[in-house]
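First chain A sits with chain B, and in the next complex the same chain sits with chain C.
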Partner chain A sequence: MWILRIDMKELSYKLEDVPERYRLLYGRALTSQMIFDEVPPLCHALGPNNKLVFSAGIVTSTSAPTSARVSVGCKSPLTGGIKEANAGTSWAPDLASMRIRALVIEGFPEQGEKYWGTFISWDKDAGKPKVEFFDATGYTGQDVYDTFPKIYERFEGRISICSVGNAGEKSYGNSGIVFNDQAKRPSRYAGRGGVGAVLASKRLKFIILNEKGSPGVDIVDKPLFDEGRKKMIDAIRSHAISKPKGGLNSYGTAVLVNILNEAGGLPTRNFSSGRFEGAAKTAGEAIFETNKERMGKEIYNHACSPGCIIQCSNTYYNTDKTERTSCIEYESTWSLGANLGIDDLDDIATMVQLCNAYGLDTIETGGTLGVAMEAGVIPFGDSKGAINLIHEMGKGTPLGRILGSGTETTGKAFGVRRVPTVKGQSMPAYEPRAVKGIGITYATTTMGADHTAGYTIAPEILGVSGKSDPLSPEGKAELSRAFQATTAFIDSSGHCLFIAFPILDIASGFEGFIQECNGVLGTNWTAADIVAYGANVLKVERAFNEAAGIKAEADRLPEFMRLEPLPPHNQVFDVPDSALDAVFKEM
Partner chain B sequence: MWILRIDMKELSYKLEDVPERYRLLYGRALTSQMIFDEVPPLCHALGPNNKLVFSAGIVTSTSAPTSARVSVGCKSPLTGGIKEANAGTSWAPDLASMRIRALVIEGFPEQGEKYWGTFISWDKDAGKPKVEFFDATGYTGQDVYDTFPKIYERFEGRISICSVGNAGEKSYGNSGIVFNDQAKRPSRYAGRGGVGAVLASKRLKFIILNEKGSPGVDIVDKPLFDEGRKKMIDAIRSHAISKPKGGLNSYGTAVLVNILNEAGGLPTRNFSSGRFEGAAKTAGEAIFETNKERMGKEIYNHACSPGCIIQCSNTYYNTDKTERTSCIEYESTWSLGANLGIDDLDDIATMVQLCNAYGLDTIETGGTLGVAMEAGVIPFGDSKGAINLIHEMGKGTPLGRILGSGTETTGKAFGVRRVPTVKGQSMPAYEPRAVKGIGITYATTTMGADHTAGYTIAPEILGVSGKSDPLSPEGKAELSRAFQATTAFIDSSGHCLFIAFPILDIASGFEGFIQECNGVLGTNWTAADIVAYGANVLKVERAFNEAAGIKAEADRLPEFMRLEPLPPHNQVFDVPDSALDAVFKEM
Partner chain C sequence: MILDVWLYGELRKFSDTPNKIGYGQMLLDVPEGYRMRDLLERLNMPTAARGITFVNGNLSALPGFQPDLEHVFADNDRVAMFDLRSMWPFQYRNGAAMTDSMRQAVQEHPEQLMHHEHSEEEE
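Our next item is the complex of A and B:
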């Protein structure tokens, strides 16, 4: 295995052996460790000293189910802290198959109009990957739905594509890195924290992989791996949320809309209520029924990446049976729906498609538009106005630049007080005043407000991994800590986070999960070991943030959540600061 | 003496006795202590929990020369930390004369269009100040040069006015609080850190004082005070910088332009050079000569406030002998001149006038326009374009809102790397790479980049208080610390900072300075005592900032100053972090 370093100043590359200290680090564990080791915490995130690190997970490119994730690490231009964003895509196993443990983008080219692409393939004769550069300037300033087909046409064979859209090219704090899905769409985003702007600052428009002829990953103990894999598959296929034609496969992640709305935890009209009267119209069930009506049959969801057996990714169709977008996630239908007082699914789908086309994160976009609506730029509920604002972002008008800079900056520019961010990153679709544990995760994760960092929604709302009263702050620091540590390991394993539902509820699934990893690596990890592994990832990330000046005082929710009671429960966020501080202190 | 609290939610007020622990605290010492005591460090700066505190200095409203300063304290919406901004104006002695030690604006009214004014006068019968409220909604959204005459007309007698302009009403991070000068102009600004937006968030448009009949301040030891006062006057009148027809009285603060340019420390074109080919055309000498030519005689400067014998404030005239603006400070002619590559004094004067009219800080405005020019919004040197951008700010267009949010936000919105800020506040007119000590002050002051916080320029450039090589980092942490502590005391004394020139060079002047204060208060302070007093102010401010999450990592200059050598000396900022950290650690 190698660390492949691409120097964008010199347009050169080198392969390094993986140092012993990184031997067991994959995915998020490796990207975070390398950013900690190599990036000065106080550097300008779009300057010469930042780096981007890509790494696939431990089991990625094996036959382990639902494990085609790649982590992207850097210093975030949005939060100023460390960032790991990940996506499910064929690009992940292709990277792993070429035995590139980490791909590092470094070096700082002239900040002009000129952009480059790289084509990474397996050099059979040399027995190692090789990198070619090509001029990609002609592909900039365009909808990524236009550029992807051109790249598929230009390069032979089964390639995978990593790219960045207009949002990244415009240096937005709201800009993701896009990967292909299974249908060659540019729809799979490492979306959060402005990672797209970092890639664009290196003037790298495409990272194209063709793993043809590559050896794939070694599995040290194949029988153990196979045993674990089988247990995982069984668990996934039997859990109500993850099984075929189960919750996720039928309704996608948007199955959560009605559930959270019922719980009074669906942030509505810029976090001024926890319940939206139009929620049902924007829910996964509505997506399913609308598709059924328009297509004349039931449409179940598809896999975003090879080897996924959960298959939660939907396509939303027009009345003429053409595709409107793929996919509408829970986070997206909320951020561009309830959060904006919008209940028109067609317009929400249009907005999702525009976010993908421009390279914007849908959560940050919806959070930003909510604050803009609060400021009176357009009224709540104005879906056509919202569509127009996303176009402003894509075009880079002055208003678009405010919005593209994210929710926090938009709040500053318009003098808004109700700004739902932590560490400069916009909050996802769970109201901390109605679901206290997720508020602790938002506050304390190293990532800025992020539900995926420690998804306490599982026990608080879904009854997965036990049950916990969402309105009570009791015991939630411990809960969030446990979820955050386990998650950091899952993010390093290469598995999609959605395996958490079956493995948390089904003991044999959890065993299988660990056996898979032990099988690949030859380790003897126990459950305690993987929690310790995850905790160590968090500690490294935390150390980076502290050196960047982001400390306990940044582990707080915005003031308004302690001052304004949220309907319908009329509760404020009442978790004491000491509980927030305990998350890391006692790790 | 009283603390006068005005509650803007209830439109009520109360007078409290000054508590014993505040007995010796005045000016900056008192505003900072009260903000520390009463404002939650993590509150939203434009939210219900922030407060504004006004306090005049120890000797303000006595016959001590050049002492009509008032401090304004709050949590800053620009830096997120504590803020003290001060101004010289008749408003300061009027406040002190009514024995209002601190005026606190608190309570959070409805955030609508409605604004209020307060009229504070001396109630002879009751023997204390009284407060009346009036509807000021009709005065909003206007040029403060239009509103001030209306207020002077509306209220009888010799009033002083404190107000806020469009910039504050628009919640800009770049918004000052304006006071009248001696000619009733709205030209004296507590300019920095967005204090205007805080006042506007309280929906308070005017604080009008009429001290008629008020008792004035007590002087405990009148002979000692008089002795000190005489020494101060002699020192001021004999020092080359502060004497009548000396540097400041002839050329104003802009006398520094040629000096800093010669030293290679005049930041040019957004801090990309330390020397500007057009500097001389923008200097104090050019202002003097232009006025002489246009008015047909030599015009010396005037006092901004009662009792000032330095009289550094200029008026700049048009060819038809009408006034174009008052006053063009060094900071303003630099920020809107060299920093933008502009050498047209008439256009610079127009920009100064517009900043005053809209309520913008000229330093932050020039810093912001420099970054906008770097981003290509308009070219460097385009003075008409720059004037237009200031109008955009005043009007609150989307572009204007980006710019009005300040230099740091503008850098974010346009993805600029060369952003000359510390703690979110724009750097003043001294290049840290060419004058190392002032860089330490910028980095470490509690205020965000601020030259007035510890003006090491005195020994580094002007030969005041000894001489120190500006390019050497040696001993500069100690120098900055000493200047910062002394300055914090001067800012509490009520004296203008410009008394520092004579008192640092003339021993009897320094003695007189302390005697004045001891005379008023009945204290026995020595030179060591006032340094300790100042150091304590800084420690309180520092403690607030630390609790707001602003710690040692924020005491750094932007990365580009360590990476890019600055012409003509081709030096980077090479003060080690340990020296920066030593400023407070060893205080």
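Our next item is the complex of A and C:
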């Protein structure tokens, strides 16, 4: 296993052995640790001292199900703090298979206008990866749906692509890093926190992998790994949410639209209501049934990456059976739908496609447009106007550049008071005034408002149940800490977070999850060990943030959520600050 | 009195607009004292067919956990039912509003709060 460093100043690379202290660190655990160790917390996120670290998870590139995830870490230009964003893509196992534990991009070239691509392949004779550089300037300023086919044509064999779109090239705080899906679409985004701008600041347009001939990862205890793998597969295949033709495979993550809407927790028209009258037209059920009507048959969802047996990614079709976009996630149909007062699914799909094409994060984009609508730039419900504004962002008009800077900057530029962000990052699709527990996680995660920071793992397994009432603020704080720590471990394991559903409810699935990791690493971890592993990741991330000037006082929701009661329940966010502070006080 | 009933996904087949995309919705005129049990009977829906259920935005049932059969409706209540493919992970409902009977049932069976019922009927 190596750490591969690409120096964009010298256009050179070197392979280093993985130091002993990183031996058990993978995925988010490694990206966060390396950012902490190597990036000065006060550096400019788009300056020469920031670095980008890519790392696949512990079991990525093995036959473990639903585990082709890669973490991307850096200092975020959006939040000013540490960032880990991850994506499911064949790029992840290809990186791991070449035994590259971490890929680090550092420095930037003196000639600022030129962009480069790198091609990383396995050098059979030398028995290690090799890196070639090529001039990629000619591919800039374009829709990534146009550049990807050109790259597939240029490079022979099975390749995986990592790239950045216009949004990153324009240094937006709202810009993701894009990876290919299984159908060669540029649609799998490590979306949040402006990671795309950091890659583009290095003038690196492509990181292309061809792992042909590479050895793959070692598994220390194969029988243990196989036992764990089998239990995981059984759990995933039998749970109502994750099984074939189950919740995620039928309706995708957008199954949550109607649920949150009925619960009064679907943020509507820039977080001014918890219920949207047009929600049902934008939901997973509507996507499934519109496809059925247009295609003349039921269409189940597909895998975003190799080896996924949950398969939650949808494709949305036009009336002429051509593809309109893939994939419409819950967060996207909400941010560009209810959040903007828009209920036209075709227009929402167009907006998702445009975000992908320009390299924008759909959550940050919807959050920003919501604030712009509040400011009167265009009215709520104006889907054509919203499509135009996304074009302005992609093209980099003066207004587009303000919007591309993100929700918080847009709020300041237009003097809007209701700005739904935490630590500078736009809030996802769960209203904290209606769902108080998620508010605690939004406020306290190291990443800025993030819905993937605290997935539920059975507290009785983690040993945190029974100590306090889960319905009380104190109980919720305790649960949030445990959930955030376990989530940090799942993000390091290489598994998609959606394995959390079956392993929460099926004890043997949880056992299998740990056995897989122990099998690969030769460790003897227990449930308590993985919580401790995850807690350590959070400690490192919090230490970086603190040194970057983001201290415990930043663990708060925006003030309007304490002042404005949210219909239909007419509740404010009333979790006391002491409960928010309690989340990490004991860690 | 009037009930505003929303039936999502497959459950729309129990509504009077079974061919509508994604959901069925109807206003029903019902007598005073009408209960969830009566509504299910009128819809001809076996209670096991429904999963997550809300009354006025308050969670009243989860898949396989239905403490709401005796719930008595009031005029203009909004009732929403979801099919068994629907879901609501605990982290996204921790702290959400519940009906009184749900709150009480959860206090008696706290383990039900976090888990998604994994029963044979769902297989």
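Going forward, the second predicted complex is superposed on the first by the 566 of 587 C-alpha atoms of A that agree within 3 Å, B and C clash if a C-alpha of one lies under 4 Å from a C-alpha of the other, contacts with A are read in each partner's own complex, and residues count from 1 in each chain.
Assume a residue touches a chain if its C-beta (ideal position, glycine included) is under 8 Å from a C-beta of that chain, and two chains touch if they have at least 3 such contacts.
Nothing here was measured: the structure is a model prediction, and the numbers come from that model.
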Touching partner for A:414 - first (chain B), second (chain C), both, neither: first
Which superposed partner A:569 touches (first chain B, second chain C, both, neither): second
Contacts of A:280 with chain B and chain C, given as first, second, both or neither: second
Most chain A residues touched (candidates chain B, chain C): C
Chain B versus chain C as contact partner of A:547, first or second or both or neither: first
First (chain B), second (chain C), both or neither touched by A:439: second
Which superposed partner A:402 touches (first chain B, second chain C, both, neither): first
First (chain B), second (chain C), both or neither touched by A:49: first
On chain A, the residue positions that both chain B and chain C contact, one per complex: none
Partner chain A, residues of chain C touching it in the complex: 6, 8-9, 21-23, 52, 54, 56-57, 59, 63, 78, 80, 82, 84-97, 106, 110-111, 113-118, 122-123
Contacting residues of chain B [partner chain A, same complex]: 40-44, 46-49, 77, 111, 170-173, 197, 201, 397-399, 401-402, 404-405, 409, 412-415, 417, 547-554, 556, 558-560, 563
Chain C partner contacts - residues on chain A that touch it in the complex: 238-241, 246-248, 250-251, 255-256, 258-260, 262-265, 274-275, 280-281, 283, 285-286, 288-290, 293, 430, 434-439, 441, 451, 454-456, 458-460, 470-471, 476, 479, 483, 500-501, 504-506, 568-569, 571
